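Every chain is named by a letter (A, B, C and D) in the order it is written, and numbering of its residues begins at 1.
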Amino acid sequence: MGNFIKALEPGWLKLAQQAHTVADNAYAPYSDFPVGCALELNDGTVVLGANQENASYPLSMCAERVALFSAKTQFPSKTIDKLFIIAPNSKSKLPIAPCGACRQVIYEMQKRQSSPIEIVCGSEETGYLHFNDAGELLPNAFGPEDLL
Amino acid sequence: MGNFIKALEPGWLKLAQQAHTVADNAYAPYSDFPVGCALELNDGTVVLGANQENASYPLSMCAERVALFSAKTQFPSKTIDKLFIIAPNSKSKLPIAPCGACRQVIYEMQKRQSSPIEIVCGSEETGYLHFNDAGELLPNAFGPEDLL
Amino acid sequence: MGNFIKALEPGWLKLAQQAHTVADNAYAPYSDFPVGCALELNDGTVVLGANQENASYPLSMCAERVALFSAKTQFPSKTIDKLFIIAPNSKSKLPIAPCGACRQVIYEMQKRQSSPIEIVCGSEETGYLHFNDAGELLPNAFGPEDLL
Amino acid sequence: MGNFIKALEPGWLKLAQQAHTVADNAYAPYSDFPVGCALELNDGTVVLGANQENASYPLSMCAERVALFSAKTQFPSKTIDKLFIIAPNSKSKLPIAPCGACRQVIYEMQKRQSSPIEIVCGSEETGYLHFNDAGELLPNAFGPEDLL
């Protein structure tokens, strides 16, 4: 369960701005629901994602996973420390948390490193939703330890 | 967060047995991890699912979603009351909870009806994991209310 | 490459009607694009699918895969002989062929049996698109033989 | 249908080498089947992808889509001109073509631009498979024109 917070800590401000900006690069003609994601690696590198939809809806991809997959392709041995997402068009005006599929991917990426991935879901109008790590997003998670 | 329970209540016994049996129909040549799912509708109808893998791993499908999609195709106006899953080959011997993608699908199907979907994840050896409804699987969920 | 045909052969008429009917069971609040699928097994059993969408678009599922996964869960040792799909709301009024994800699933299910899966994509207004087997849908396919 | 070619044209050599190298960044503990993808934009920019698997197999992602989604996030207005993929561990020693899901994504990205995406699938041992554009990968494709 995440915690609502009113304002961002200084370390998140630049990330939040980059996530908001990259939402303009979403391809969302079907949902009209652009989402932007910015994640920060342990050396300060920022990797971005914007959702990319498809006429066959199941082949659409969320902003979070675009950023996560791109980060691990480019920098497989760096850890992911922070992940910020924002959906500027959200009707509810509330912070939007990742979908279950993205949570599963964040969870396994956190397992691959020895440190938590901190997540903030943003809304300029109503505040932010903060998660200390992927486990809060996916209680009693299924993961690699069950399979290998 | 789910609760561990030692034994199944009587109303779940037949469902558990059907989920275990249908796991034999899984097509899992890549993971060797068959999973069976049985769900019960409000009139007692049972619908089954077994995971169906693909050489292109992203096109594999979980047992839970096979059952859920099949149920709503056949009986769109009935409610889903109970869902039981079991992975007989699990290395951890612990009950296996649904992956994040399945949680998101369960969540929206629960939203489509006016009653909760109760979920039990089984392991004959170590007990069961019980969730009162889809919200326990997906705290702070993203859902249709954010989009429409 | 499929072939356009003007009229259905008698063996497809009942299947086409069932696919059309089950499209009413689609859950398509986001796309307003219901699709129905009916497939026939070697003993004449018919299994149905209707698309089931999700607010997280990537977690939506196509009608074809609902029917295919359900068929193999219930009848893993029967072969799939015929598959018919129709999208009653299609703007183009042309027969709609399966998306790439469904093609990959049809392809591997065909590999699992010793006989082709014949596919017809329907439109009552403009005729039908016919494929002799899954290979026509997915030339130079990636499949289990590359992996195992 | 693609064409087999013995050797790469000079314009593809660097791209092929980058795809081969980035396959080392794949996270493929379940399949042991790393894949690398390199695509080139109209201004010569190269964007890379490596497959990223998940214990929940359906949440795995192919190398091609990692590269494609990342490219459109970073450079939404540039066109994708060339895409090269290679699976260094392929048992068949033959060039591996994209799965159906990736074909559908390539297809819609080609639709978004006014020029074809040329695709080469590589194998150092047995030659290459060449496609002039996404249409050759997905005959009678379903696409945005059917939906919007």
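Observations on the structure shown:
One rule holds for everything that comes next: a residue touches a chain if its C-beta (ideal position, glycine included) is under 8 Å from a C-beta of that chain, and two chains touch if they have at least 3 such contacts.
Everything quoted here is computed from the prediction, not taken from an experiment.
The chain with its CA mean position farthest from that of chain D is B. Chain A and chain D have centres, each the mean of its CA atoms, that are 25 Å apart.
One inter-chain figure worth recording: chain A and chain C are separated by 34 Å, centre to centre, where each centre is the mean of the chain's CA atoms.
Residue positions of chain A with contacts to 2 or more other chains are 30-31, 55-56, 59, 61, 99-101, 104-105, 142, 146-148. In terms of which chains touch, the assembly is arranged so that all chains touch all other chains.
Of all the residues in chain C, the ones that touch chain B in their complex are 22, 25, 27, 29-30, 48-50, 52, 54-56, 59, 61, 63, 65-70, 72-74, 76, 101, 104-105, 108, 112, 142-144, 146-148. Of all residues in chain C, those touching chain A in their complex are 30-31, 53, 55-62, 99-101. Touching chain A in their complex are the following residues of chain B: 1-2, 31, 33, 87, 90-92, 94, 96-105, 107, 121, 129, 136-142, 145-148.
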